[in-house]
Amino acid sequence: MNNKVVTFGEIMLRLMPPNLKRIVQTDAFDVVYGGGEANVAVSLANYGIDTYFITKVPKNAVGQSAINHLRRYGVKTDYIIRGGDRIGIYFLEMGASQRPSSVIYDRAHSAIAKAEMNDFNWEEIFKNDGWFHFTGITPAISDMAAAITLEACKIAKKLGLTISADLNYRKKLWSTEKAGKVMSELMQYVDIAIGNEEDAEKVFGIKAVNTDVNKGALDLSEYKEVSKELVRRFGFKYVAITLRESLSASDNMWSGLLYDGTEYYFSKKYKIHIVDRVGGGDSFAAGIIYGLLSERLPRDVIEFAVAASCLKHTIPGDMNMVNVQEVEDLIKSGGSGRVKR
Amino acid sequence: MNNKVVTFGEIMLRLMPPNLKRIVQTDAFDVVYGGGEANVAVSLANYGIDTYFITKVPKNAVGQSAINHLRRYGVKTDYIIRGGDRIGIYFLEMGASQRPSSVIYDRAHSAIAKAEMNDFNWEEIFKNDGWFHFTGITPAISDMAAAITLEACKIAKKLGLTISADLNYRKKLWSTEKAGKVMSELMQYVDIAIGNEEDAEKVFGIKAVNTDVNKGALDLSEYKEVSKELVRRFGFKYVAITLRESLSASDNMWSGLLYDGTEYYFSKKYKIHIVDRVGGGDSFAAGIIYGLLSERLPRDVIEFAVAASCLKHTIPGDMNMVNVQEVEDLIKSGGSGRVKR
Amino acid sequence: MNNKVVTFGEIMLRLMPPNLKRIVQTDAFDVVYGGGEANVAVSLANYGIDTYFITKVPKNAVGQSAINHLRRYGVKTDYIIRGGDRIGIYFLEMGASQRPSSVIYDRAHSAIAKAEMNDFNWEEIFKNDGWFHFTGITPAISDMAAAITLEACKIAKKLGLTISADLNYRKKLWSTEKAGKVMSELMQYVDIAIGNEEDAEKVFGIKAVNTDVNKGALDLSEYKEVSKELVRRFGFKYVAITLRESLSASDNMWSGLLYDGTEYYFSKKYKIHIVDRVGGGDSFAAGIIYGLLSERLPRDVIEFAVAASCLKHTIPGDMNMVNVQEVEDLIKSGGSGRVKR
Amino acid sequence: MNNKVVTFGEIMLRLMPPNLKRIVQTDAFDVVYGGGEANVAVSLANYGIDTYFITKVPKNAVGQSAINHLRRYGVKTDYIIRGGDRIGIYFLEMGASQRPSSVIYDRAHSAIAKAEMNDFNWEEIFKNDGWFHFTGITPAISDMAAAITLEACKIAKKLGLTISADLNYRKKLWSTEKAGKVMSELMQYVDIAIGNEEDAEKVFGIKAVNTDVNKGALDLSEYKEVSKELVRRFGFKYVAITLRESLSASDNMWSGLLYDGTEYYFSKKYKIHIVDRVGGGDSFAAGIIYGLLSERLPRDVIEFAVAASCLKHTIPGDMNMVNVQEVEDLIKSGGSGRVKR
Amino acid sequence: MNNKVVTFGEIMLRLMPPNLKRIVQTDAFDVVYGGGEANVAVSLANYGIDTYFITKVPKNAVGQSAINHLRRYGVKTDYIIRGGDRIGIYFLEMGASQRPSSVIYDRAHSAIAKAEMNDFNWEEIFKNDGWFHFTGITPAISDMAAAITLEACKIAKKLGLTISADLNYRKKLWSTEKAGKVMSELMQYVDIAIGNEEDAEKVFGIKAVNTDVNKGALDLSEYKEVSKELVRRFGFKYVAITLRESLSASDNMWSGLLYDGTEYYFSKKYKIHIVDRVGGGDSFAAGIIYGLLSERLPRDVIEFAVAASCLKHTIPGDMNMVNVQEVEDLIKSGGSGRVKR
Amino acid sequence: MNNKVVTFGEIMLRLMPPNLKRIVQTDAFDVVYGGGEANVAVSLANYGIDTYFITKVPKNAVGQSAINHLRRYGVKTDYIIRGGDRIGIYFLEMGASQRPSSVIYDRAHSAIAKAEMNDFNWEEIFKNDGWFHFTGITPAISDMAAAITLEACKIAKKLGLTISADLNYRKKLWSTEKAGKVMSELMQYVDIAIGNEEDAEKVFGIKAVNTDVNKGALDLSEYKEVSKELVRRFGFKYVAITLRESLSASDNMWSGLLYDGTEYYFSKKYKIHIVDRVGGGDSFAAGIIYGLLSERLPRDVIEFAVAASCLKHTIPGDMNMVNVQEVEDLIKSGGSGRVKR
């Protein structure tokens, strides 16, 4: 396997009121660009991986800005298609304490939702093999996006790429029924499945029986069963699950599980004071991919992914701005937070 | 005639990079809400007129913010319908010197574009008569919006309201052919027509023959013919035209013409150093409406409208934030700009 | 009882250094407008209640801005009187951890402090009955303000309105002696008394004996005695008390007690990571009023008020920007803070 | 004469909406501190003069910030008295083009307005002689402030200081009648009188007959008569007058006249594109004082003062932030504005 | 000739107080990265040219940010060397009206100033030929930088690249004597020489005799002689000169001259209201390079370069953010600045 | 001993991305000026001590701004030398939760690092005796800075000043070997030694054996041994040590130890939610100096120093902006954080 990763999906304009204001209070929005697969791409580029992000954005200054955001952080944008009418937008109110963060999507009719099959030349994109990553958001955007994702999986598999998928269920985009159907077909091509503590239930009906994710504590042991069942059904080489225990919008416990079909590896658990939790799962997925690409041991893979995504929660924006050294420093130090000078 | 004005149209979220940055450079957007008819409504509310704005916005925090923006400046929002999927958005790059301001519209599929005929109860809205104002943007949004505008005109006429229309041609919304057809039908109900130096040509093919609006100077006398022809065709009581001479994105000459079917009244001409020219035409329309409502003489009506809209060019945002006293102070002082203290 | 609430008091310009700076460090102030009764009014308007705020503000752009702030959030300002010389101002340094928030008042000589008896036509204001709310700040502003408050209470009572009062003792405005005397007279007209954990002591000398409010923990049971004594003295229908346990300027425990003359209802207790605690008590009062207006059970009233005011602590500014749904979501979820998307 | 200058007056908190917004639009204020005599003091400190500012400000963080603002720019604050209830405030809307800048004063009841005669020990303040400067604003603040100013003049004269006064008429503070009476008495002690193009008329009824200052152009020659009459009446050694021709709020012509009782020295005239014109007159006064203190020739004094105050118009805030070299560079270069690198 | 351009030099961190503040007034700096050759690279990337920037920056987050700034705008950074201690910094005070912009350099000891000959593999960098551009700043940074530039020129010439040089004299970096000596040697390899209205004099003593660049007007015809003499001495194929007439820091006249050894082509002259004039010359150089690369006629080359650099003056930051279409639109429209919507 | 304190060292420009952004994400820096000894000076000036800061900064606007920052907060800058090429700069990324704050120094070649022995006239500076304070950073800057520090110590001792030193080891400036050698010589003149929980080990090899400062908890009792050994070796009158237990970048436990050669005084321990921890140690040193200058009992000295520095952690910037009253209020209240109004 070489060091090239391709991710495919939507990149959106994110608009957030500054300083924890609510949308009705603000007269400015902070601007970043992000989306599940784009966030993974930036994380990986920050680790020195040769990363391509594939999408379609309109031929105007906003579409250009999305591309520039990716280029700025080292992602290759050579295969991004220009066209369509608009870029998806999401409004984010950052929560605090008992006030949850709140997202308003305005992503319908985006260029990528209306992309067509022959917009993308997957044979060209996947040349020289490597790794292909997508999330459950991409096929949920539109039927055509689902079809394109399936096509990409087929060609990737044919060309010998490793394929990873983050289940990433979004209830505003599709029903659990449709998600289950579409994702089940895609999972045939997937080597590594990644999800959060409720994705397996929402997409495939595989439930951690005694756990209510809206309460703080999780029964972590149940996730052994979840991952085992995922492997049983789809034959994944690895299943990786984030285990968020949400104490409040400001404080979370954060850990993860990696299952390689044989052993269950639970990571250290971090208590995080949150700066920006959007993209936490994506940074975890990138950590898993990097860990496997760099041929770390499973125990080290999950520690890397969890430490990396722990750091993401402390960084504004959707994307994780840390390098390998910084992740390893956290693993070593345990997060005591002394000033580096 | 009483002192109540109803305007109908779209209100959009406006996103503008601060400090004259281009969109590709910014990491924040300044936020205001605006739109042709909403801008007229706020101007009139600032003059103490009892003003209602009619539209449809989604039932989320962004839609609420648009309503709050109107309420803040005194517009009554009782008849605004909540529903639909999104609010229209426009991105504005403020220009300077030789760099023109640039607008990217992302307004398709907005709640108002998808509004339905029975969303609005015009009999109720127009009760107690008054004044109805719309612009050429509203019927351009969608066929249904055009149909609703026509219905509103019919009921307004039936109930004895005065009707004004700003031609406001937007080439990104419809062709000159379609505009001509739709607007011609609407004009039957209109008492006062308002336009800029190229609207009559774009919508009805009535051209100021020797004038190229992309050059600085206009041949003002030609606009006598334009307004005369407008009255001839549609029987307007008044035609009011803004006469912008664009020296650069930073400096404009600004004046106006009012024709009452008999006399031509040209206003004083102002040389404006521009802060924000968006909404300049709307503030002129509001000035015409206020001038006529307050039963000023034609000469005073056009001076009021031009002075009011001159001030708009010095105020950030789409909307004119001046009261009657401030407009009259400008007419008296001539704009020497001494500090008021 | 209908759904109309009138509140009466002062609205001030609030000036706060951004980003937790001290006043000596800042070169900008964040601006909002607020005051005890205005904050209650906005909370109630956000719950869909027909709310009027009564005050007097100067006839200049700052006075207008205060009115606009209220209008923006849906409060009716029809009866606000314009006049006087200035609007009250308060400077707020937001504290953090061991550094307490600090307020500098510059509110003397404000328009409302110098308002006169016949500025307000209470018969007109209270027509069609409803609910009247004031706080202990209003009569403390000036002797005339106290006299106007008394007059308002008398007319409200005569016209059959429900009257609520938040004791809200402010030591910089008057002595405990004067407060006790003036407030005792006003209490004769009051149906619902609201206070924090020290107001009853400061205003009426009714002390929670074993509790030092400057220490973290409160002996909650003592507040049964406090509320019982309040009912005994003044015959209130309800007494509602906020129970803040201040761990630091950043972290508080927050709960409340409602006493209906028979039963004591203690709410759930929240541990809050504070964004802005100013207006916490006002949002609680608004929650009590809304709960009673909506004819909830006492247990649900106090849970609503405490959850609502818990959310206030997470929102910048004096005013609570939440709707009924959001409060009820917190009551249901318990505040785990998962992202809403 | 030594190099020490004492100025006496009020320093206010200035609150200005950023980015040319109107007050009703803003949710932040930019903060500086300024006032006629404080502005002169900072200008002089920037020229290396040993400068003291005398006032009274409250003993709170806002009063401290005013002092810190002065110290930051090198003014000595040793004799500033702490006490009183509040600092004066003024709200400034920066104008543009035809929209004039607008000031709302909220300065009544300030610490300095309520200062008492024995707050200031003028014998101590004026020890070692030097120069005393005040403006017409100080005696206008309150009768006591006028009495204190008179006392200061008497002691300054007795101790041999040079005394300069900027007439600085403020119509919101007193009538022309009262100004004339109070200022006439003070003028007996004054050596150098400074004013703008309308002060002499407003305070002493000495009018430039053919000039309307609200129109752009001034008849400069008339100011010879004005200055001659001032010398005739009060026996000043020098009269210095700023000659502002206000084309708009954005563009002014700016020059000055110095009369030494014999010759009239008109400066070069600058066309200024204005950044912030508040404090323009104060920076001119400081230029006159510096020019005379440094024993320049009259022609050079007026060129220095006009160039210095020309630069002030390009600098945000009330105070002129330029050193002697920068003023002299402008005199030499004529203002072609090439980058200094 | 292919479409690949390589530029070599220093990229600096630029720190500028916002809102026209002076450095002593600010508590924040706006951040961009820029430098003569980097600015040319970004301009060209915006025109779709395959552009590489060569430099050395330290291996820390500030060095990374400089690289990211280049990548964001499409410049290839593959050959940038990481190492050294620091990145050069410059502080910029943006001037206005009579106040000139002012630059404080803090660029000594930068990574590129201390770069070594074998840091750069020019054979590799220049493979597949193309175009090489540098400015007079690069050899002025250090003797080694001059030596590296010479080496680059030799290899570029050997490999058949076209070489352009912007004379760009910086008096704070070296004397006119040293500049003349070093640059004369480098000029042997140069095909196209670019300069401003005083570079030829400062570097080679070739003076436009009757022109004082500190005054507004230039005698344009003299620049025919300057360019002719440059060609005579060094045998350039083209000489291009910017002709800035500085009316003030806010307003400039801007035009240019291209000499092809036979004909003199003077461009249209623009009156520019300046937003940010830093990088104006660099955007002109990029326009010349693009014009020649795209094989336009000489007359069109100079119009393109002048229009492009005219637009640069309206854009914040060092770098020109315009595409080919926008430059051509200006050439066509003449800059009337009507809104694009 | 009188009330005058002199501190000597470097003041740097601090550049920090706002809102917890990383450097690669920001397009602005917040600006303050700070440095160990300058921070101590400002703290002391805020306590009303007559404080002088001694350094050398360049003769440009950035150097001037550093001086102005000191003057603003009441430090006397009369003896600061102007000259040299640059001011030291440090970039600060504020950390959060598991992400540590990170500092990039760009301080080489600063004016103070290149200062010369005869830049400073210590006899003059130390006239009228008082107190001299320096930190281990100053001699680490350059050999000459070390020599100047030694000279200052000798003259201070000769003139009878009390001398305090904060060990303040900076590994990026020198090795532990060199630090040990240089500091040991300086310690001969020092009366009061101050350090953090690892300085004694890094500089003198005196280790708290069982403690790993990268882990949260410290074995406080070990610091008795450390301070005892310091007194044994160097004969200090007092040793004061800060005891930081770093739970994360957001949360620290904070206490201190004072040893007077006989007794060990441990302070109350605070759990701090951190706003800005830079300068925490400096504010502690200032607290120790103030406590001893004000002749408090040792127990009160350490409580004052720890409470003062606890407050520093809640204040943006390097410098502690609190007065004596505020520190004493914290000692009394224990930090419950109720609003002061």
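Chains: A, B, C, D, E and F, in written order; residue numbering restarts at 1 for each.
Rule of thumb we're sticking to: a contact is a pair of C-beta atoms (placed from the backbone, for glycine too) under 8 Å apart; a residue touches a chain by one contact, two chains touch by 3 or more.
These figures come from a predicted structure and were not determined experimentally.
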| item | value |
| --- | --- |
| D-E or A-E, whichever has more C-beta pairs in contact | D-E |
| Turn needed to bring subunit C onto subunit D - CA fit, degrees, nearest 5 | 180 |
| Distance-maximising chain from subunit D - centres being C-alpha averages | A |
| Distance from the mean Cα position of subunit B to that of subunit A, given in whole angstrom | 45 |
| Centroid distance [mean C-alpha coordinates] between subunit C and subunit B, Å | 42 |
| Where subunit D touches two or more other chains, by residue | 18-19, 22, 24, 27, 68, 73, 102 |
| Partner subunit C, residues of subunit F touching it in the complex | 18-19, 73, 270-275, 307, 310-311, 313-317, 321-322, 326, 330, 333-341 |
| Touch list for subunit D against partner subunit C, complex | 15, 18, 22-24, 26-32, 60-62, 64-65, 68, 85-86, 89, 91, 93, 102, 104, 106, 108-109 |
| Contact set on subunit A toward subunit C in their complex | 19-22, 24-25, 95-103, 105, 170, 172, 213-216, 246-252, 277-278 |
| List of subunit C residues in touch with subunit B within their complex | 68-69, 71-74 |
